[in-house]
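Below is one structure, written out as structure tokens, with a few remarks after it.
We call the chains A, B, C and D, going by the order they appear; numbering starts again at 1 in every chain.
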Amino acid sequence: MAVEMLYFAWVRERVGTGSELVDVPGEIDTVAALLDWLARRSERHAAAFADRGRLRAAIDQHFVPLDTPLGRAREVAIFPPVTGG
Amino acid sequence: MAVEMLYFAWVRERVGTGSELVDVPGEIDTVAALLDWLARRSERHAAAFADRGRLRAAIDQHFVPLDTPLGRAREVAIFPPVTGG
Amino acid sequence: MITVSPAPIDVAAELDALEAGVGAVASFTGLVRGDDGVTELELEHYPGATESALEQLAAEAEARWNLSAVRIVHRVGPMTPGERIVFVGTASAHRGAALEACAFLIDRLKTDAPFWKRETRGGTTTWVEPRGTDDLAAARWRR
Amino acid sequence: MITVSPAPIDVAAELDALEAGVGAVASFTGLVRGDDGVTELELEHYPGATESALEQLAAEAEARWNLSAVRIVHRVGPMTPGERIVFVGTASAHRGAALEACAFLIDRLKTDAPFWKRETRGGTTTWVEPRGTDDLAAARWRR
């Protein structure tokens, strides 16, 4: 399944890119599993995703907990807690 | 005792003036007694002060209940509840 | 800190002044409503006592919250629908302080400052009656 | 209703637009503070998701209070101390609705909209950490 990954703030800096298109295997069923899978493939991703408590996610622009099923996600964003306003 | 009376809003309209200097006898000891005394002297004052529940007062620019002693008041203001803002 | 004047209220200038060197500015602007047939609103006040009452409210707000600036501007005299009657602005390092102090000031101003509104509808003028909800709003700030 | 843009925020124009035909306008302006050595603040956001989150907050406010207008303007990109980061404005016939909705919007914006602040002090840049007090402020609006 082709998924557009988006990274923001220090997650973007640690991964080294703001977006990437990845082909996710069918057995990867949640956001957390997607992060595990990406972390196994690259040290940069592993470093960016090391502290799960500081990560937030959105599937197709809707904020979701990390244990949310991916479903037919087309865009998954990973970022730190927000600090606007 | 010489007291400057001030009237505002519909109290002013009913009395017919915004201010008047009155010489208050020594036995008039509270704002309420002052209103009674003024009402006895003129029908306009009597009409203006008829409904005491709708009157508020200030002595020397400090808001006070109507039963407050006049003390050495130099300025007594009588007016309806405020409606600013 | 306090202005009571027949001049129109310049909210942009007020906000500019409040913004100097702070993190958070809250403001409230009250306007003459024209939706209920009012063609003119006239504000009467008690000169001297009005300014004292507003200064005291501002001092209370500054004692209660950590504010860098407070502005209360109240217009008096005749006004038409759409014109600004009152502006309250507060500045603070923290948004909570600015927002709460702003609400406090307008709620308490409604019950504690000697202003009286007279409305003209067609050829008839009537003095505005105080509203019980204003007393309730002011009371929630008393501790 | 929502603007997310690198352009400076014109609060006078925003307030003018909110004031049309109403009785009460409340506003909040958040500014870059320079008192703690910050020389530049950069706001990153999630294009598309940001606007959706702000539209949803505005819709929540309009469902909860009787508002005639809501404006949320959030700046993104680099800013310097004294510049406006965010403006929230609400208009209503009643001051309570305008004031509460304004506080609601800025409290919830802090936790619900995908913005991230990066501060530069001297040669060092750091990502701003979220504050627990922001979560508490947002939580008080949940029923």
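The rule is short, and it goes like this: a residue touches a chain if its C-beta (ideal position, glycine included) is under 8 Å from a C-beta of that chain, and two chains touch if they have at least 3 such contacts.
Treat the numbers as computed from the prediction; the structure is a model and nothing was measured.
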| item | value |
| --- | --- |
| Graph separation of chain B and chain D (steps between touching chains) | 2 |
| Chain whose average C-alpha position is farthest from chain D's own | B |
| Inter-chain centre distance, chain A versus chain C - centres from mean C-alpha coordinates, in Å | 49 |
| Interchain centroid distance [CA atoms averaged], chain B/chain C, Å | 26 |
| Distance between the centres, which are taken as Cα means, of chain D and chain C, whole angstrom | 23 |
| Distance from the mean Cα position of chain B to that of chain A, given in whole angstrom | 74 |
| Sequence positions of chain D contacting 2 or more other chains | 30, 95, 106 |
| Residues of chain B touching at least two other chains | 85 |
| Pairwise chain contacts, counting only pairs that touch as defined | A-D, B-C, C-D |
| Residue ranges of chain D in contact with chain A within the complex | 30, 43-46, 48-49, 52-53, 74, 85-86, 106, 109-118, 127-130 |
| In the complex with chain D, residue positions of chain C that touch it | 11-12, 15, 19-35, 82, 84, 93, 95-96, 98-99, 102-103, 106, 137 |
| Residues on chain A engaged by chain D in the complex (per definition of touch) | 6, 8-10, 12, 58, 61, 63, 77, 79-85 |
